[in-house]
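Below: a set of structures, written as structure tokens.
In what comes next, subunit A is part of two complexes: it sits with subunit B in the first one and with subunit C in the second one.
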Partner chain A sequence: MMTRKIHPLLIAGTVLVFMFLVGPLIIVLGAALSDTTYLTFPPQGLSLRWFENIFEIDAFRRTIFTSLQIALLSTSIALLIGIPAAYALNRYRIQLPGWLSTLFVLPVLVPELVLGFSLLKNVAVQYNSPIYISLLFGHSLLVLPYVIRVISASLAAFDFSIEEAAISLGSPPLKTFFTILLPNVRSGVIAAFILAFITSINDVSISIFLTGPGLSTLPIQLLAHMEQFFDPTVASVSVLLMILTVAVMAIVERTLGLTFLAK
Partner chain B sequence: MTQALALQSITAHYGATQVLENLSLDVAEGELVSLLGASGCGKTTTLRLVAGFLQPTSGTITLGGRDLTRLPPHQRNIGLVFQNYALFPHLSVADNVGFGLKQRAISSTDRAKRVGAMLDRVGLAHLADRLPAALSGGQKQRVALARALVIEPPLLMFDEPLSNLDAKLRIDMRIEIRQLQRANGTTSVYVTHDQEEAFSISDRVAIMHQGRIMQLDTPERLYQRPANAFVARFVGFENLIAMSVVARDGAKVTAEAAGGLPLTLSLEQFGEIPDRFVLACRADGLAVTDNAAMEGIPATLGLRTYLGRAYQYQTSGPAGTLVANGPLTRPLEPGAAVKLVPVPEQCTILAPE
Partner chain C sequence: MKRFAGWTLASPATLLIVVFLVLPVLATIVTTFTTPGGPFATYAAFFGSGFRRTVLWRTVQVSLATTAVSLVIGFLTAYVVSRSPGWLKSILIIAAVFPLLTGVVVRSFAWLIILGKNGILNSTLLKLGLISEPLTMLYTQGAVVVAMVYLFVPLMILTLVGVLEGIPDDLIQASASLGAKPAATFMQVTLPLAVPGLIVGAVLVFTGSFTSYATPQLLGGEQVMMMGTLMYQQAMVTFDWVAASTIAAVMVVITIAIVLLMTRVARRLNPMAV
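Entry: the complex of A and B
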């Protein structure tokens, strides 16, 4: 068998990149487990008390719930708008002007802080809308481009004559959409869901403007906590968020395989 | 035979571009009519209009006396076979074939029976549980055919169904399609750009060009008696020679091309011969001779190519650029002065353009 000699510099480079990617995660995990009352690494003493602390602080309990709720609702709204939009953009690609699909991803190009601030000024303040509604609206807008982008990608591979075949066999157009089209872009829809969910739950830039008295999201609460305390609670919350993300990814990997995310 | 499908004065547009111009077409019960032409001629547009995926600007479409023009596509009850098969990727072969029956609320036992019988007919019963991705191109097209036939539609339409298959399979499949169509007596419209395919399986062929039907006729008549220069060129009459009548004598007519060639034609073969006409001949219908004593169109030989059964010559002369075939026994050299002699039996005449 032929053995290929790997250049030592390549090994060193790989290790460096790996450290760069994984290092911060290890530090956060270590800091979260530290028994000290301040953030430190390596951890001094091992304890889960900072994890318990998250649930003892009322604000964290409430914001975790709010974050999950907002993420779930905004993702659902984005899917409800994004799936038909992506469908129309792909189905009528030839008839529609080319800039239209670009228009739908524009919110990604606007700095999120700008988006957040203008939403605050022009929606929340202007119409004096309830905080919850403004926040939900902002998050839906934030994740919509991702949903359209990902579903468009899987619709690009969809042959619309399949839809015509179903219609010619007597299936009405709306029914065809659910029985023929959706099952064939299922992986795209799931990928869009995950991407949107994670984007929403980690968002700071928009939430910081749209949260208000009595209603906050987890990352914003985290920020507020960090300003006052420098204890390992923030690290513990970060670890929880990581576990949540990894869990979601693991479920996807189990059910669909991660490769479809790269599509 | 009663008329099944009728298109009357159909005009259609894509935006501001007119793609069909006052097109009329009748297809008789049980007949297979092909729409033949190059891409952009309007053949697929015609099919999509009948299927209901496009709306005509004006004109009507009727099927078995029922006006389809404004009916949504899912209520038209037309079987469609697509170029890229268009099978449902997430459904098994049996479920693909049964899809149309399911829409018609046919009970699952009855459905299974009819799907089974149809899969037997196309020889795919053993693949009923497979997904389309596990099938070959030919098998996929059989499933598509079965799926369209099982709903027993009054009209079956094919959109370039064999274009994605290799040459050998194409020939097998077109025979299979024709046999199934004949056996069921299903009125059919078949869209293709392949002349041999269209001629071999159709009762009649409509040759289309720029949104119009140039000629609708049996393959035999199209091949031997094209109605105009476009169809003549399309079916392989390479040489269109302008001629004028110089003498008439009973059933015999003598005509001349530019540069000479008194040619005697019989009215019996060509029917009426106008004073000015175009003689259309294939390369095979134009004999090459270097015998200076022969009566013929004078020409100079250009490039010689080998066809296997004959040599083909590009020639030029007072009658223009012509293509003629010569015997294998005597290859002639480029530059030779020759005479081109039309063989009347292999020629046809057209009105001048």
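Entry: the complex of A and C
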């Protein structure tokens, strides 16, 4: 592609935009490393003691564990039901009614707050069921569209005639799935897993209604902590989450390529 | 058996969506019409209350402002990104993806440190002698808009980079070889072709802002109540679930109406559609 001249003002504007995007996160990093008991930037004295403090606060230890558990379980559920659904939508589209693809868009269309509140009111309270179940399925619904979208993109590049060849040579359907299809969409599965995982870990809008005494997730605990204390602990938890984000980006780059997210 | 293969494979996901999304959300909406006061009593109460009308109007204002600013910033940045050489483009895309994948709490928290009474902005302005006492920036509509723009600009940039990269280079070259100046090519070729993508981006940002919770909660608080924070307050603080359901229903209707309307407009305005 030929390079065209871009107006210098546009370039200066773009530099400012990227400073605006990255700057605040650098400030959080600096605040987390400060040796003071209050939030400040630039950091005064470097210390890792606020990172140690995270694990001394019982509520953080507990909610980190809950968040990891919910993210792992909801992502597994979404993969377990999302991979067959994506396969059906790509392979058997003509058999399936048109409204089905609309139904699969609903988790994106319905505001998360409404989903969270409705699960609380009409599932947890109405049927007196454990709130954990609503939280888990709420998160599964939240991440399902990511799974279907990423797996569908991988399947679009898959040549279904390979699969037909295996079947016509006598390979049973399940074996065909595990030996032919799955290895071919492996990078899509990894990327879907990792994107779904980070989405679940970061969720506020669904979880805010489905947590309470005894059950909370990390972002909800962070919100609660922020309203009471203004010490660097929140900044250091934020930095931990940013480290997780870097790991996620590295994996997505290796599987789908980050440009996939710009589509 | 093969005739049902599609259904069999799609049924677990279908079941999850129907049981845990469609039915509970429908139940929430239905209860707003079955109150003792008559089918529209809760809506009369919602729109009859000056406070709630103010909250709705403020939510629309904040969301429109966020969308407009994100569109301008996002489009110009995406234009530069899509015209950058390969290595620089990768770096810029990484710089946009990183905040996108960082959670909303972390990103809103950053603005709490910047805009607070003893925050970085105030202490810098004081040091420079530009102000004599700290400004109140937190818990204002402006703070919410700034943090929301921060939240949505990466999404806008990435969406629009995808759109701009999808515009065939031949069209740009044809325009240039027929004598159009770069500005004319931009206004008459690039911009019209990007309109459907701009609409998609705008819808994502508007509906995202309109139904947000964490950012208005942290940076707006009680003073800048929005639909999301009001809904939470009604549901979990005052335990008025009918009022919370009414807000939920208003949110669903407005979100879905905007998505349906704007996808139609985007399709109509697509110059590539014949």
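FYI, the second predicted complex is superposed on the first by the 236 of 263 C-alpha atoms of A that agree within 3 Å, B and C clash if a C-alpha of one lies under 4 Å from a C-alpha of the other, contacts with A are read in each partner's own complex, and residues count from 1 in each chain.
Here, a residue touches a chain if its C-beta (ideal position, glycine included) is under 8 Å from a C-beta of that chain, and two chains touch if they have at least 3 such contacts.
Keep in mind it's a predicted model, so treat the numbers as computed, not measured.
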Clash or fit, subunit B versus subunit C on superposed subunit A: fit
Subunit B versus subunit C as contact partner of A:Ala85, first or second or both or neither: second
Touched partner set for A:Phe177, first subunit B, second subunit C, both or neither: neither
Greater residue coverage of subunit A in the superposed arrangement, subunit B or subunit C: C
Contacts of A:Ile27 with subunit B and subunit C, given as first, second, both or neither: second
First, second, both or neither for A:Tyr132, with subunit B first and subunit C second: neither
Touched partner set for A:Phe229, first subunit B, second subunit C, both or neither: neither
Minimum C-alpha separation between subunit B and subunit C after superposing on chain A, in Å: 8
Doubly contacted residues of subunit A, that is, touched by subunit B and again by subunit C: none
Residues on subunit A engaged by subunit B in the complex (per definition of touch): 159, 161-162, 164-173, 176, 180, 183-184
List of subunit B residues in touch with subunit A within their complex: 51, 53, 72-80, 82-84, 86-90, 99-100, 103-104, 144, 147-148, 151
Subunit A residues touching subunit C - in the complex, by the definition given at the top: 1-6, 10-11, 13-14, 17-18, 20-22, 24-25, 27-28, 31, 38-39, 41, 77, 80-82, 84-85, 87-89, 91-93, 95-96, 100, 103-104, 106-107, 109-115, 117-123, 126, 134, 137-138, 140-141, 144, 148, 198, 201-202, 204-205, 208-209, 219, 222-223, 226, 234-235, 238, 241-242, 245-246, 248-249, 258-259, 261-263
Parts of subunit C lying in touch with subunit A, wherever the complex brings them together: 3, 5-10, 12-14, 16-18, 20-25, 27-28, 73, 76-77, 79-81, 83, 85, 90, 92-107, 109-114, 116, 118, 120, 150, 153-154, 157-159, 161-162, 165, 169, 173, 182, 207, 210-214, 217-218, 228, 231-232, 235-236, 241, 244-245, 248, 251-252, 255-256, 259
